[in-house]
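The structures considered in this document are given below.
In the two complexes below, chain A is the common chain; its partner is chain B in one and chain C in the other.
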Partner chain A sequence: MKHSFIDRYSDQDSLIHRLDPRTKFITTLAFILMVTITPVIEWQVFALYLFLIATLILLSKVPILYILQRSLVILPFVALIAISIPFFKEGEVAGSYNIWLWEVSVTYSGLQAFTNILAKAWLSILSLTLLVSTTKMTNLLNGLERLHMPRVMVMILSFMYRYIFVLIDEVMRMKQARDSRNFGGKRLWQIRTIGNMIGTLFIRSYERGERVYAAMLSRGFNGQTRTLDRLNFRPADIYFGISFGLFLILASMINLLY
Partner chain B sequence: MEEIIKIENLSFNYPDGRQALTGINLTIYQGETVALIGPNGAGKSTLLLHLNGILHSNGVVKVSGRSVNNKNLRWVRSKVGLIFQNPDDQLFSPTVFEDVAFGPINMGYPEAKVRQCVARALDWAGMTDYEQRSPHHLSFGEKKRIAIATVLSMMPEILVIDEPTSNLDPRSKWSLISLLKRLPMTKIIASHDLDLVQALCQRAIILDHGEVVADGATSHILADIPLLRAHGLAPDGAT
Partner chain C sequence: MQLHLIENPGKRYVIHIPDGFLNVATVATTCVVSAGGVGNAVRLANKKLREKHVPMMGVLAAFIFAAQMLNFPIAGGTSGHLIGAALAAILLGPWAAVLIMSCVLIAQCLIFQDGGLLALGANIFNMGIVASFSGYYLYRLATSFLGSSRRGKLIGGFVSAWGSVLLASIVCAIELTVSGASPIMVVLPAMAGIHALIGIGEGLITAAVISLVLATRADLLELQKI
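Moving on to the complex of A and B:
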């Protein structure tokens, strides 16, 4: 069965693609950190961040529409969490409404906090989308390992990347088998069936885990994990890392100029 | 001929108490290609898992004269390469290279030797250009071949293969059979694909209900229709 790739466009070639995954990972983290700690009022700084990330996206040659689409996926979740903020934050009232028995008022500072959260989340997601679209998952995992991320976590991520497709296939096959037998009827019955399917899927995954482990043991796995090193920093990584860091610092200090 | 695997009085119960293997005695000689045939649930896979010490029970399994125990597992697993039925279980790494390199790296080889092993194994399996591909984007036949390469890279003396041709279309099946034919190691192949048995194996062993019920030349065993019928390997009433 066909799946969309998690790391689609990562096998293309551009200035950004060629950077070492470690450089990209660290700069992405730095970017997200700076975005999150920037105070609410400094919208100019946010504009600069957006400019920075937009430049990088252009440099990476990944279709802009694709990045936008990907980044929008996360917004409903953020909105769901942030939607109540304008109503609860105290301050100057921007408008008040009567909804049935309640009187609800929206404050300016609340609205500001809301847009602030949205902007921060969106910028962070943009940078992560760029990271995943320009770095092959395998290289990223290799990079994380070289950055001394605990090996167990790297392995969990790599198994996840490997088996998510196998599991999706399994779910799709189960769904097809269920629908071929005219799935329908009472709501309660439907829910029970879905519960059974989830249970079956869990047991199958557990058994697959045992078989995979046996296959690992058969090839001499003894709990220790080893890999070959295949990454190299190049001068471009150093230039990129330094200039990106400088830009971030400059952006965060821009309000001092006013 | 030199004995390479010797199984003495091996019995095994599943965790739920069902008897899987009962009093198995077998000797495999160097350079043989042996078929292990039997209906579903006969205990074939369980027996294979004993050959490199994944499962162990009260009987004795000897590889090249040394009995398998917890101390020599590493050595046993470098001698006996076990290939699982489902390549999705066998291939667990993000790229083909990492999967084929997994065994050699675990054996502690230096990088140059690992690369050499991987290249040779992929060459044997006819999959040279696949190093950077992801297993989940390969066809089933390609996955089967890579699964074989992951074990060949460890240069085992004995290949133990569980159902190599299951789920393959005829073309992939015959190309896999000719691949296996080219490999010089001692081979133990569990299968109920009688085409494969006929094409590859000089000797066949029938396993049913966890017991060895027949052991002899493939031509004899496959010609004995009543025997095959009694163990669910030929259709009832066929001539």
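Moving on to the complex of A and C:
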């Protein structure tokens, strides 16, 4: 099976790993929300948030390089925003450059908008990466169900999580078969081949779904799922939640102290 | 090798908005709208589908997820991959597609951090609701004009997939503009341009899938739609 890239490091053990998935989910959500509502100019607040998330990453013992690498996923969007900096026209001009025939001027407000988005996006992706690399997917889904996510969705997600591995293996086998038959040629031919692969994958998935349902029914499935894991809030969760929340609130008010 | 492609975020050219790019008002609005849409999809699924369809939808959501791992070449060395909303909507109906795409997007957010957590509202709106419904009705429109012959279905599949990708990217550009992240005259042509190209791949693949399903198990195109 070739799926080491799915929830990597989540089966390790640390202070953060041992927290209840609900605690981690709610604190992550609160963190991203606070980051989103922070006004543009307050860089001290961003620095404090970065300090908080860095401390948690160190505590979680997940390799920092891995988390940094994962956070690169926002790059295409950052590039999209970066090309629009010169188009903010209002405000004081920070610098003006002649690039071939164009005169490009960059204003402070344009730069500020860019750094603001960059800081917010990066802090958010760090916290999200931390959440998923310290929480097993099954536990996270279990926690989400307790937080009143619709049952149908939780069940679809947990079936999905189980069958992703099987289907990825299926895709990899098809890819190997394709590549060993000298895949190449014109672009249209390539796309046609991929279309046939996806079509085959659909039919196989559908038939697998029918077999899975028959197998579940014959084992007494009546629409209920049962798990052995019992989720419990422990004192650690309460301390963590309270101190995390206090830190967020104090950090967001730091500018009032000056 | 291929795993590298999957892990390499630069290769994923699809419109999953990360957190931090949208402002509070846009986040709140899209979350409310998407919650309503998904809620209605859940209600319809509970009413019209029996428990039989839950494992089925789970496996099909995993199918869309796995199908998105097959990159196809676009111009200039870049590659795109399927979004799959139009395909799901053609096969299972728009509300089922909303449900499946929402689960796919949640899984992508939680597994690849592809798309943000608070931005899920916007992403579900763009690629779940907008793409599924536009895909479904474009397919219906095209097949009603061209007749439901094989040719009509293939062209309908192409048009619906292309249109759904384009529309989703336009809505995404509007959300970014409203949030003040980027002026409309930059982000709209950039987004729509890239996705008009990616959409061709999506359209061709969707048509090829329909063609294969028609040839091997045509009954799967006539499933109950919700």
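One rule holds for everything that comes next: the second predicted complex is superposed on the first by the 220 of 258 C-alpha atoms of A that agree within 3 Å, B and C clash if a C-alpha of one lies under 4 Å from a C-alpha of the other, contacts with A are read in each partner's own complex, and residues count from 1 in each chain.
Going forward, contacts are C-beta pairs under 8 Å (C-beta built on N, C-alpha and C of every residue); 3 or more make two chains touch, one makes a residue touch a chain.
What you see is a predicted model; the values in this text were computed from it and never measured.
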{"item": "Superposed partners chain B and chain C on chain A - clash or fit", "value": "fit"}
{"item": "Touched partner set for A:Y161, first chain B, second chain C, both or neither", "value": "both"}
{"item": "First (chain B), second (chain C), both or neither touched by A:S205", "value": "second"}
{"item": "Which of chain B and chain C A:S60 touches, first, second, both or neither", "value": "neither"}
{"item": "Contacts of A:S252 with chain B and chain C, given as first, second, both or neither", "value": "neither"}
{"item": "Chain B versus chain C as contact partner of A:Q112, first or second or both or neither", "value": "neither"}
{"item": "Following superposition on chain A: angle at chain A, chain B versus chain C, Cα, nearest 10°", "value": "70"}
{"item": "Partner chain(s) touched by A:L29 [first = chain B, second = chain C, both, neither]", "value": "second"}
{"item": "Which superposed partner A:T138 touches (first chain B, second chain C, both, neither)", "value": "first"}
{"item": "Contacts of A:R219 with chain B and chain C, given as first, second, both or neither", "value": "first"}
{"item": "Residue contacts with chain A in the superposition, chain B compared against chain C", "value": "C"}
{"item": "Gap in Å between nearest CA atoms once chain C and chain B share a frame through chain A", "value": "8"}
{"item": "Shared contact residues on chain A - chain B and chain C", "value": "137, 158-159, 161-163, 166, 208, 212, 216, 221-222"}
{"item": "Residue ranges of chain A touching chain B (in the complex, touch as defined)", "value": "3, 137-138, 141, 158-159, 161-163, 165-166, 208, 211-212, 214-222, 224, 226-229"}
{"item": "Interface residues, chain A side, partner chain C - complex", "value": "2, 5-7, 28-29, 32-33, 35-37, 70-77, 80-81, 83-84, 87-88, 113, 117-125, 128-129, 132, 137, 140, 150, 152-153, 155-164, 166-168, 170-172, 175, 187-188, 190-192, 194-203, 205-206, 208-210, 212-213, 216, 221-223"}
{"item": "Contact set on chain C toward chain A in their complex", "value": "2-3, 6-7, 9-10, 12-13, 17-24, 27, 38-39, 42, 45-46, 51-52, 54-63, 65-67, 69-70, 72-73, 82, 91, 99-100, 102-104, 106-107, 109-114, 116-118, 176, 180-183, 185-187, 190-191, 201, 204-213, 216-217, 220"}
{"item": "Residues of chain B that touch chain A when the two form their complex", "value": "49, 52, 54, 74, 77-78, 81-82, 84, 86, 88-95, 98, 101-103, 105-108, 111, 114, 134-136, 150-151, 154"}
